[in-house]
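Report on the following structure.
Chain IDs A, B, C, D, E and F follow the sequence of writing; residue 1 opens each chain.
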Amino acid sequence: MNLIEEFNAYRSQMNDKILAEDNKVIKRIFNLDTNAYAEGTIDVKSKEMMGLACSMVLRCDDCVKYHLGKCFEVGLTKEQVFEVFSIATLIGGTIVIPHLRRAAEYWETLENQ
Amino acid sequence: MNLIEEFNAYRSQMNDKILAEDNKVIKRIFNLDTNAYAEGTIDVKSKEMMGLACSMVLRCDDCVKYHLGKCFEVGLTKEQVFEVFSIATLIGGTIVIPHLRRAAEYWETLENQ
Amino acid sequence: MNLIEEFNAYRSQMNDKILAEDNKVIKRIFNLDTNAYAEGTIDVKSKEMMGLACSMVLRCDDCVKYHLGKCFEVGLTKEQVFEVFSIATLIGGTIVIPHLRRAAEYWETLENQ
Amino acid sequence: MNLIEEFNAYRSQMNDKILAEDNKVIKRIFNLDTNAYAEGTIDVKSKEMMGLACSMVLRCDDCVKYHLGKCFEVGLTKEQVFEVFSIATLIGGTIVIPHLRRAAEYWETLENQ
Amino acid sequence: MNLIEEFNAYRSQMNDKILAEDNKVIKRIFNLDTNAYAEGTIDVKSKEMMGLACSMVLRCDDCVKYHLGKCFEVGLTKEQVFEVFSIATLIGGTIVIPHLRRAAEYWETLENQ
Amino acid sequence: MNLIEEFNAYRSQMNDKILAEDNKVIKRIFNLDTNAYAEGTIDVKSKEMMGLACSMVLRCDDCVKYHLGKCFEVGLTKEQVFEVFSIATLIGGTIVIPHLRRAAEYWETLENQ
């Protein structure tokens, strides 16, 4: 199982278990998460770039992986993804670099799958 | 060795090594950590819920595990723990969700041990 | 206008303007915020203590003020509030102390109003 | 002097003083800041939306003001800006709301100037 | 009352009120704060530079002011302080810049008092 | 392969891949990272202690490992490194402790290699 399958499998298994608890607040937050990134007055590509950049500056590897998967799906190029990386690293500082390494590795895996 | 034993073993081994260095400030912080969660004008259950919620919004998986262990010991129910999860996820945002997944997994391990 | 009136007036004026924009995601988040702190399997007092502790470790003065107002309303004592402060300062470190100062000042204003 | 003039005046006065110290690392960071947001494989509007979203999740009011000013200049609409706000508030949680209030006020000032 | 007097007066007044509450955990944290920065195997100057750098990357203006005051007292030069600023801004990213502006202003006030 | 070799190998492999993308902003940030820690009006030892302390309060394990490696190289003693740990844990709070455990383990590996 590669990085992508492992990430997706765990994510989807645990999401199911969490939603099964039927906590109203958590269910609504999960629901909002789908709504917020849908096409609106801002297009999906720009929203995914924002999601990726925010995930990097907040240094959340799993969030970065999730949004990289989406960025790949919606057709962002490697150059664009690295431009998002550059803005996030500048805003968030060198503390972001370890996450940048894992992000670059995950993007490479997405391209080679 | 399951998730719980692995976490506890590493935690306790490294705490011993750290305390053996005899750094006064570190020793006192470790000591305060025991004091602060003891029964006071606030009961232990509420304190552990606070410890859990703070650990989640600060996105510290090991701290979450530690407080989940304590929440389990003092008799919090799964519904209560998920209510803490919901407040922490609302306050801390979707960036908390990857930690929520690992927290839900750890709680399940605690219940099944 | 004292600290409390000033805080509440600005908060309520801006909330109205934000909700008037009719952004579905923002409206639902505001809505969830009311839901999450309602009595559940965890009582309101414990939830407000969690809200206060999380606000302090995340170092958000306005969030601290809001939850202090609620803690006062639901009848927490000064000793209890200071116990929440102590746990938050221990978890979040000395970086929390400037927020502790403003929190102590706001609580005093609540008691003297 | 309104919110915008006050912000810009202090920002520009202090930037001058900081750059006058001639610290090479600081000067280069300031320089990179200009480069990173220039048109590239990602357009300026999307970059400014990213800058705004990151500033909100990191809860930096001055950074939010700066990027709101830029978003206004490059022609983003109020609906678009509120969509950025919604994504940032969802990612960063309710802890972002006090910053959302100040952001909404600043945007209103930009529109009314 | 200038920036320095205002900061010191509020800090000292609120510290007194907080310590008067006699919360054991809080009192010990305040106490540790004095201990940790005392001469040890690391000299006071280096400790204050660390305190300043940490305060900047954690973006706590009051903590920055406090450590700038100490850095001034122990005789750090403007060049050294700006070198600390540069490392902190690099590690913490451009999000630190608004705090750098206020830090530079406070240092100038310290030099001109 | 021990902890140190594993860390260095991944770090250096991914740095090469990232720099190969030829993103100007990222390359300059990497470059600044070398410049900022070079001997200046502040000596290299103090700079590395600052880098270590900032990495701990920002809770970045990889950054901690990197600076621990440098602290070891420039000849800091175990007592000094634990004094940096103590200041970082006090500033950043008990949330830093899990990172302190991994830092203590990594330092031990450096000493035993």
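FYI, contacts are C-beta pairs under 8 Å (C-beta built on N, C-alpha and C of every residue); 3 or more make two chains touch, one makes a residue touch a chain.
Source: prediction; values computed, not measured.
Participant: Hey, what chains does chain A share as contacts with chain E?
Facilitator: Chains in contact with chain A as well as chain E: B, C, D, F.
Participant: Determine the set of chains touching chain C that also touch chain D.
Facilitator: A, B, E, F
Participant: What's the rotation, in steps of 5°, that superposes chain A's Cα atoms on chain F?
Facilitator: The superposition gives an angle of 120 degrees.
Participant: Of the other chains, whose C-alpha centre is the longest way from the centre of chain A?
Facilitator: Following the centroid criterion, the farthest chain would be E.
Participant: At the interface of chain B with chain C, does the proportion of residue numbers present on both copies reach over half, so same, or stay under half, so different?
Facilitator: Copies use mostly the same positions to touch.
Participant: Matching C-E on over half of contact pairs, by residue number: which of B-C, A-E or C-D?
Facilitator: Answer for the repeat of C-E: C-D.
Participant: When contacts are scored as defined above, which chain pair ends up with more C-beta pairs, D-F or B-F?
Facilitator: Result: the pair with more contacts is B-F.
Participant: If you average the CA atoms of chain E and of chain F, how far apart do the two points sit, in angstrom?
Facilitator: 23
Participant: Between chain B and chain E, what's the gap in Å when you average each chain's C-alpha atoms?
Facilitator: 30
Participant: By residue number and range, which residues of chain E touch two or more other chains?
Facilitator: 24-25, 29, 32-33, 36, 54-55, 57-58, 63, 79, 83, 86-87, 89-92, 94-95
Participant: Where on chain D is chain B touching in the complex?
Facilitator: Per the touch definition, chain D meets chain B at residues 57, 89-96.
Participant: Once bound in the complex, which stretches of chain C touch chain E?
Facilitator: So the residues of chain C touching chain E come out as 59, 78-79, 82-83, 85-87, 89-90, 94-95, 97-98, 100-102, 104-105, 108.
Participant: Considering only the defined contacts, which chain E positions touch chain F in the complex?
Facilitator: For this pair, the touching residues of chain E are 29, 32-33, 36-37, 40-42, 45-47, 49-51, 53-55, 57-58, 63, 77, 79-80, 83-84, 86-88, 90-92.
Participant: Quick one: which bits of chain B touch chain F in the complex? Just the residue numbers, please.
Facilitator: Chain B reaches chain F through residues 10-11, 14-15, 17-18, 21, 23-26, 29-30, 33, 54-55, 58, 60-63.
Participant: For the complex, which residues does chain B have touching chain E?
Facilitator: 24-25, 28-29, 32, 35-36
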